[in-house]
Amino acid sequence: MTGAPEGESVSLDLLKKKMIEFAKERDWEQFHSPRNLLLALVGEVGELSEIFQWKGEVPKGLPDWKEEEKVHLGEELSDVLLYLVQLSDICGIDLGKAALRKVELNAAKYPVSKKKSQTDNNVTGSC
Amino acid sequence: MTGAPEGESVSLDLLKKKMIEFAKERDWEQFHSPRNLLLALVGEVGELSEIFQWKGEVPKGLPDWKEEEKVHLGEELSDVLLYLVQLSDICGIDLGKAALRKVELNAAKYPVSKKKSQTDNNVTGSC
Amino acid sequence: MTGAPEGESVSLDLLKKKMIEFAKERDWEQFHSPRNLLLALVGEVGELSEIFQWKGEVPKGLPDWKEEEKVHLGEELSDVLLYLVQLSDICGIDLGKAALRKVELNAAKYPVSKKKSQTDNNVTGSC
Amino acid sequence: MTGAPEGESVSLDLLKKKMIEFAKERDWEQFHSPRNLLLALVGEVGELSEIFQWKGEVPKGLPDWKEEEKVHLGEELSDVLLYLVQLSDICGIDLGKAALRKVELNAAKYPVSKKKSQTDNNVTGSC
């Protein structure tokens, strides 16, 4: 039982609510200032990077990784996400809404018709 | 029109689908290897950090920030999220499922009854 | 015996030579590609951030920190430095020379007479 | 004129002195709290990562990079170093001394005779 209705997609709001409840139950809200959460997020990005650091180039789908490595990767990706959700919440930012808006801004910035290469100087993907 | 039904929460799957489509339309899939996306994510975390770098401690809700600063913050938070969603997808990780599982692991690791302080040596919040 | 002459300052070249020797002796050169070292550096920056993550604002000189915390901090700062030295070396960049040049570029960019505030929009310190 | 005697190696102390002077002249010391400098460092690591993000695996020595790309890389590596030097100084850590000590700790941790592989579970290079 994960709190997500069977077969439905996990929403950012669900994760936000879970993290608010999680912190409240443990009286951890006092530690959740924006810069504390930001540095915690940086710490998790570091742990995520450590998974990839000695591997050289890694093919899509991680065909040669052991199951336990993939599970570990999922945990580190999740840690980054959960701090990101908490940081957004503490800053009063609606992360889901902001993300949809950013996708549209990116679409306007990089129109399909131009077919610009991502290796061009001023093109850095979705940012 | 953002692609999310009116009043409903934004799901990780919706963002994943949008990013897959976005990359496909621009023929950018060729650039989306795991380590490329990871480094792009690190780049965005850097931009997020720059927003906070000279501010000293920042109170919850960012009461003194200008509206344009908050909009900028929402964009950088989104950039981190969108690369995180893409990195997870390219690695074959179901990010929403992994995040719910991680919340449960954290709950088991830090039981409510113990009321352990986050400042304890081995306690680092939700990670 | 640390390899640095008594009372003299530690140079970047000394650290570079030590790290080259260290990797060679252990046959680790094979792992030291630019992006491997970069991700290792990101991992260390994460560990550095973890030291500061739940502390709120920290005063200069770390007056309230235990000696063991300062020793740990010195180790993480060193890890970042040592990977930075190795990354520069593997990329063929003379880090000391580049750093002196960058100080001069910064001095030209932020002239003393103007006394611009670091909080201005386009001012980000020494970068 | 770079401030380093002709042909001599650049020391961490020289960089420290230059950065102290640089900040003092511009009245920027007020912004240089430990966590401000740490987040500035994270920001520069992000810029460093952006240089490598869409390149796939990069060979040692960067044989295919344009001269201007290498100059840019030297600048970003320097920015990381200069903030690292300032962060260490503001925390009261002697970075050079700490780095030499860390090299010795690493040498003790990974003895040459054992020839352990860096890909082993608990081996993460020089950290």
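Every chain is named by a letter (A, B, C and D) in the order it is written, and numbering of its residues begins at 1.
We take it that a contact is a pair of C-beta atoms (placed from the backbone, for glycine too) under 8 Å apart; a residue touches a chain by one contact, two chains touch by 3 or more.
Keep in mind that this is a model prediction, so the values were computed, not measured.
> Touching both chain A and chain B: give me those chains, sorted by label.
Chains touching both chain A and chain B: C, D.
> If you average the Cα atoms of chain A and of chain C to get two centres, how far apart are those centres in Å?
Result: the chain centres lie 27 Å from each other.
> Two or more other chains touching the same residue: where does that happen in chain C?
Correct list: 31, 33, 35, 38-40, 42-45, 47, 49-50, 52-57, 118-119, 124-125.
> Line, ring, star, complete or other: which describes how these chains touch one another?
Looks like everything touches everything, fully connected.
> Taking the complex as given, what residues does chain A use to touch chain B?
Its residues touching chain B are 2-4, 8-15, 18-19, 22, 25-28, 31-35, 38, 40-45, 47-49, 52, 55, 57-62, 70, 73-75, 77-84, 86-88, 90-107, 110, 112, 115-116, 118-119, 124-127.
> Quick check on the complex: what are the chain B residues that touch chain C?
Residue list for chain B touching chain C: 35, 38-39, 42, 50, 53-54, 56-57, 118-119, 124-125.
> Could you please specify the touching residues of chain C with respect to chain A in the complex?
Going through chain C, the ones touching chain A are 31, 33, 35-36, 39-40, 42-47, 49-50, 52-56.
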